[in-house]
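Structures are listed in the sections that come next.
What follows is a pair of complexes built around chain A, which joins chain B in one and chain C in the other.
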Partner chain A sequence: MKADHQDTGHFQKDTLLLLPSLLPLLLIFLYPLIQGILLTLHKNGEAGFTFYNYIQFFTVRDFSNTIFRTLVLVIPSSILEMTLAFAMAYHLRKPIRGKGLLNGLIMFPLTLGPLIVAVGMIDFFKPNGWFNLFLMHLGILHQPAQLLYNFWGTFISLTILGVGFIFSNLVGLMDSIDPSFEQAARSLGANGFQTFIRVFYPLIRSGVWNIFSLNVIMQLAVYSSAIIVGNPASSTRVFSVVAFEQAMQYFNYNMAETIAVIMAAVQFICLGVVHYIRKKGYVGSASTFK
Partner chain B sequence: MSPQNPAGAQTSTSVQIEHVTKRFGNTTAVNDVSLNIKSGEFMSLLGPSGCGKTTLLSMILGILDVTDGEISFNATRVDDIPMHKRDVGMVFQNYALFPHMSIRNNVGFGLDMRKVPKKEREKRVEDALSLVQLETLAERYPKQLSGGQQQRVALARALVVRPKVLLLDEPLSNLDAKLRKEMRIQLKRLHQDLGITTIYVTHDQEEALSLSTQVAVMSQGVVQQIGTPQEIFLHPCNQFVANFIGYANFFEGRLEGESGDNFIFRSEDGLVLATKKDQAHSVGDSVLLTIKPENIKLVEGLSGRNSVGGRVVVSDYVGNTTGYEVLSEFGDHLKVNVLGFESFPEGTELTLYLDPAHLLMVAKE
Partner chain C sequence: MHAGSRTVRTHRYKWRQILWNFLKALPFWLLIGGFILIILGMTVTVFLSAFSTHWFGTVLPAGFTFSWFTKAWSEYDIWLYFKLSLETTFIATAISLVLSVPGAYVFARRDFPLKSFLLGFYQLPFMLPELAYALPVAAIFYKLGLAETFTGLIIVQLLVGIPFSMVILIPFIEALDPRLEIAAQSLGADRLRMFSRIVVPQLIPGITASAINIFIRMFGAFVVILLISGPKMQTLNVMVFSVLSATGSQPQPMLDSLTLSLMLPLLLFTFLSMWVSRRLQRRVGK
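On to the complex of A and B.
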């Protein structure tokens, strides 16, 4: 019992080893965070605590609409990204020729980042770009498709990056499943679909939801693709666009911080919902217990 | 274990493996293996790691396709049937119990796949769990069970579907020595009770000899010898089999004469030994002579024929027996096991007696 007390309650000297990594975190993250939250409680250029910025956010449509616009962009694209990435990662578990190359190609956009992907998209999807010329040549399109400078431009950009991110995580997750589970299910009479539904998916379900939530959180902060290939004045006027505008055009850091805090709150709510769904199923190791 | 047959396993399936070969690129893992496993038989595939025994088992189960040859159950070809339709029960080396399912659901999984009515499912799961004496742990999860309990759940899960053939892939290798022995006895009893055709993969010769009605010793993808445990143990057909089942001392030489019921053997180093005559050899033959460490006796003072002087190099006390490595006067390193503990410290000069009745002539590898 004494040992338990020592383990749990008493300060241990080796905890000090955490300081070198904790100190920068406190300085560059926690302090600005607290400072930022305090800023949201002041009206721009005025002293005294007020909820003015929050009231403004929820009463002015240009601000409040950002919640809806961001979610409408990010949630469907995340679902599509997860579907595509899951299908590809599941298929590429098998030993197939060119597997390494395919893995690399799917993850490649991650190395470029959103800015270069967006610029590349402009070249590819412009009215006389490869995409439109190719489809018009095949007779599928009669006039160029408008996939740039609107909702779809940002949606496609998010999808390209999100698929790479989710895929790279799923590959590791799926590789961690002991193949003998599926073999055991098959030996007991389960066909491929039953094995997937009853054994494979339940074992990675928790990890899949984790990856999904991480991706949603990351994409809720979408900025460059919303500006470059989206329509930041209307359909892709997301949190970051408005926050940046407030900070850099109107020098209203208080409002910009308020938008950032609300974005963080939305991220936390999304995380909470996903965590709740995740906890509904099996959460635990997908290895054998020998 | 319960003497009745609550799992209701099928008992009348024979397995024919005909000229089966498995290649992975340029590597041949199983090379032209043929086995005929009779209904109700307990066949062990015995061999070292990488000998192809698990590959052969995987082909019977359907995880791997055969490159050449045929696998049949009751003379009906099955190697072209998908794995989930073969009706084979398998106990994996790591048990592969589904961690997200309770023990009850693990055992009932195969019945769910066969759409067995709920009431019958419950009855069969109960019966299978009581067969392995785990009925009280039905609501637990695999991670809450010990290794031995998990092994029994895996067995119940494989048996509950009444498979035609039961396959076991080194199921005892993850257990400690005491539990391994207990589970071995339980497995043997279970096989006697159910009479299900069983194919058992192991690298442990003691396990194979204790459990099986037939043993197939494999090396480098080839079956070296098939026989009853007694045949394998007493009459290994070649150096590999002899070595694998415990004949640790080998002498290469010629039969240079005969004396009564014995041949007179002379090793390349000049060691002369008398060995029992057999039909397969005659004077002048080059032979490989072998003897088990436990059949070499340590005697005091030099006595006549089949006695060799030597010096203890290493002594290894392991409880019931003590193993010695002795450097003989002819330069051979001989392994000797004696029951209990006799104190022969390293460097002790002693005499070894190699009983002609226990010397065996085997084919060179």
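On to the complex of A and C.
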């Protein structure tokens, strides 16, 4: 590896080994992507460049509202997921018996995927399901809570999946942090809270924001849970719902692709904001002395 | 006597410490326990409901039966879609591994111009919304007549398979000892021999791990397949989704039986991957 550094910058025959994986990807990913962007600049079934689709998106309420509806769903749930997953991962950092099993169970929804989680939710959160029976038995609720086929259905489904995703990433991140930093802080007289705020969090914050933005990317594309446990006609009418509707019911791939491109733009704006917040602190390795 | 009262005091102090630690940990345990209970509850209710005769407003179903499950299998041709999912996923996993092992090797061992740019390109499919490239892929496939075909399903799975196997395989190859390869070459092995006799055998654990991971990912792949699948050519989860989204048409135990058939292979693969990764760790530990 070190010996190869002298070759840097020269074309090597070995590089051709990249082609078997690169060519298919160019054909089924990059070419369609470029075609897709060109699609958005045509009206469905007509030739000639127009911005018709984009104008349509921002003037028709049913289209433009999807931006707001998706963000209202995704941003609060992402913040909640990060809080919950961080608390769990931070607590499970110590060596505890059965840690592997607990970790596995928390990440379990991620393996099942949104479809199965949605069906599980229908059984568990329905008005006479275990969740409501339990809370009514305890006397916390007097009437069953309506947690399905509305905003909260999709919100809960996103939260369950997001906690699994963020948790699985945080476990690796927290493992990579050298515990001697915290031991040093404690031995110098800092209490647990101070150690967390002054030492642990600054070391981990860059990674935490990275995971947060990956999670936002994933969740902006929410589709199946918005259909199955949400209310796709109004409160969970997110980007994907409208885009799929345009493509599969009206066969208007041009409009559908326009929605997808705007979704990508919203995603990049979100990433930019997260990146800006992230940059304002220490960014660097947290395992220097390991 | 004096000594005794001191031990009592330290005892009391110790107890207060234990109580304080317990109270401090309590909210965390409540959170973890609550979350796990919800997940287990969701999984168990799917199982119970799939095999229940009648379940309404009680803690447990009134009775158990296999009839919903068998009915779901016969009425929805689950076996057909199950086989189709397994076949396409299996073939696509094999193809993406064969295509990406050489590339991953080059990434791990060589430096070349635009390396980080290309690495970024392989990760681009994860960073963009899947719809942004899935929609034009579907449009192109319909034009070429590839949509709703077996080949089309396999090609589309490569969109998940190639980037994902690259990302998993590169660190595996980086962890191999390059001196073995240098030794093989100095003993006169040509590139192909060195690759097939030295690199690939060492990579088998890595390839197995990534094969299982890609398989799970592909088995759950959804967006592209939904767009290019037809009524006869679709994977199991797209079929289950289309039954589920046509709301209210089916009794709940039927939907749960469908979901269960989707869940069982995933559970199997998860245990398989856990078993493999544990064995791998043991091997590395040695």
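Operating definition for what follows: the second predicted complex is superposed on the first by the 272 of 290 C-alpha atoms of A that agree within 3 Å, B and C clash if a C-alpha of one lies under 4 Å from a C-alpha of the other, contacts with A are read in each partner's own complex, and residues count from 1 in each chain.
FYI, a contact is a pair of C-beta atoms (placed from the backbone, for glycine too) under 8 Å apart; a residue touches a chain by one contact, two chains touch by 3 or more.
Fair warning: this is a prediction, and the values are worked out from it, not measured in the lab.
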{"item": "Room on chain A for both chain B and chain C (clash or fit)", "value": "fit"}
{"item": "Chain A: partner with more touched residues, chain B or chain C", "value": "C"}
{"item": "Touched partner set for A:A184, first chain B, second chain C, both or neither", "value": "first"}
{"item": "Chain B versus chain C as contact partner of A:F49, first or second or both or neither", "value": "neither"}
{"item": "First (chain B), second (chain C), both or neither touched by A:P202", "value": "first"}
{"item": "Which superposed partner A:F193 touches (first chain B, second chain C, both, neither)", "value": "neither"}
{"item": "Partner chain in contact with A:F131 - chain B first, chain C second, else both or neither", "value": "second"}
{"item": "Shortest CA-CA distance in Å separating chain B from chain C in the superposed model", "value": "9"}
{"item": "On chain A, positions contacted by chain B and by chain C", "value": "none"}
{"item": "Chain A contact footprint on chain B (complex, rising order)", "value": "61-63, 82-90, 92-100, 109-110, 112-114, 142-143, 145, 147, 150, 157-158, 161, 174"}
{"item": "Complex interface listing, chain C residues touching chain A", "value": "25, 27-29, 31-32, 35-36, 38-43, 45-46, 49, 56-57, 59, 98-100, 102-107, 109-113, 118, 121-122, 124-133, 135-140, 155-156, 158-159, 162-163, 166, 178, 216, 220, 222-223, 226-227, 237, 240-241, 244-245, 252, 255-256, 259, 262-263, 266-267, 270, 274"}
{"item": "Contact footprint of chain C on chain A as seen in their complex", "value": "1, 4-5, 7-12, 14-15, 17-22, 24-25, 28-30, 32-33, 35-36, 39, 84, 87-88, 90-92, 102, 104-106, 108-109, 111-124, 128-131, 133, 160, 163, 217, 220-221, 223-224, 227-228, 239-240, 243-244, 247-248, 253, 256-257, 259-261, 263-264, 267"}
{"item": "Touching residues (chain side chain A, partner chain B) in the complex", "value": "178, 180-181, 183-191, 194, 198-199, 202-203, 281-282, 284-290"}
